[in-house]
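Two complexes come next, and they have one chain in common, chain A, joined by chain B in the first and chain C in the second.
== the complex of A and B ==
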């Protein structure tokens, strides 16, 4: 195996086919791409938001419904100045052994705060956005949750967005 | 999700540990890391790697010219784990 193919090899192969075989239609498959939005300023001047499907949420907020058979189509705001100790994870569908020791491996809030403090980006939106990745109704996901978060991101004056689909 | 945000005029980039899923979803820009699920930004306490992944991803916003781009970050999970173990040893979290 070459170094290049090693880099392209995912640790759990065949994920899309495996899930789609078990839950037909639950996996997104697109035939087209969307036009690129162009950033008209340097990254150092751009306000960054972070969107995660890791089920991270502030302690004390309504836990995501992780056992609902078709998923939870709500999202939570996570203050971008929060500390990892302010947050907890409600999610069943990915291993959290790393995140339980250092939340930054899936929700890198301290790294993002440092990037803004160091001036690599122009700042952070007041909130980051979090939901759970286990949503089996793709049409509903795209029609509701995706649009709701996109609207919230715009309202929070984001100019660039980093996403981590857990 | 990412496509909906991009369509609002906000430049986006995502981190993927499932290249096949990303190929199906066709987000505007993605960075693939060959890491375990739930470990998109690497391993615990490896702040330098966590930061590098974010910086490389944000750089794609300035680099990518064609929508649907997937960039393979030149790193392996074994490398990340080895570096993480050394960091934990230095921090006294793991015996040398």
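== the complex of A and C ==
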């Protein structure tokens, strides 16, 4: 595969250039592309997982570290059959008023449960995955948090991953 | 700002860049608000000590003597947000 054809396979060619243009001096300095995997089965047969930077976590679990100046590189598993009332948000860096009234606006767990119940997707992984987006060490982010979540997603037999920033 | 930016600032002794980063962190991206937040935490700490209430001095002595500098620095940031929260003037949208 040529570099040109690889670039055309990107969900959004030029993404990193756009980010760096808009946020000069920001943490992102990547110039490489992101390989995408094609879905090899109908959506209705595929098991979906959800990955979010919203800082959503089950009540009673160790709160995300929102005070550390360089960030928190851990993630929490959120049971995909959880109710919004079982969950809470620990995050300071985005407006949470709306999400505290209806968690689905930032972490659409009930919408995804409904999609699975209606058969639009083949099912949900047992866990969804959540972390906070305030992480200033991009190398650590890639080497630890991203890899840890990727391993967990694979172990959970996910066939589609829906990623949503907060 | 990236960690590389901060490490470069440390290497060249640019403390203004470092404290500005702290102000942006505690001020949710607003430099001037960060100054206000830092002042707010100190004022709150002073207020609760004005009546000279009993405090666990032994805990403080033991903590400072026995905990590593990274844990103490982490505690310092935690105390900042805790005191600001206790002041009742919470600018942040989320919670600790």
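One rule holds for everything that comes next: the second predicted complex is superposed on the first by the 139 of 166 C-alpha atoms of A that agree within 3 Å, B and C clash if a C-alpha of one lies under 4 Å from a C-alpha of the other, contacts with A are read in each partner's own complex, and residues count from 1 in each chain.
Throughout what follows, contacts are C-beta pairs under 8 Å (C-beta built on N, C-alpha and C of every residue); 3 or more make two chains touch, one makes a residue touch a chain.
Keep in mind the model is a prediction, meaning the values are calculated, not measured.
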item	value
Chain B versus chain C as contact partner of A:116, first or second or both or neither	neither
Which superposed partner A:147 touches (first chain B, second chain C, both, neither)	first
Touched partner set for A:137, first chain B, second chain C, both or neither	second
Touching partner for A:96 - first (chain B), second (chain C), both, neither	both
Contacts of A:163 with chain B and chain C, given as first, second, both or neither	first
Which partner, chain B or chain C, touches more chain A residues	B
Residues of chain A contacting chain B in one complex and chain C in the other	27, 29, 94-97
Residues of chain C touching chain A in the complex	1-3, 5-6, 21-22, 25, 28, 74, 77-78, 80-81, 92-96
Interface residues, chain A side, partner chain B - complex	3-4, 6-17, 27-39, 43, 48-49, 51, 53-54, 94-99, 101-102, 104-106, 108, 110-112, 114-115, 120-121, 141-142, 145-147, 149-151, 153-154, 158-166
In the complex, chain A residues that touch chain C	25-27, 29, 55, 63, 66-70, 89-97, 136-140
Chain B residues within the chain A interface of the complex	1-21, 23-29, 32, 34-45, 47, 50-51, 54-55, 57-59, 61-62, 64-68, 72-77
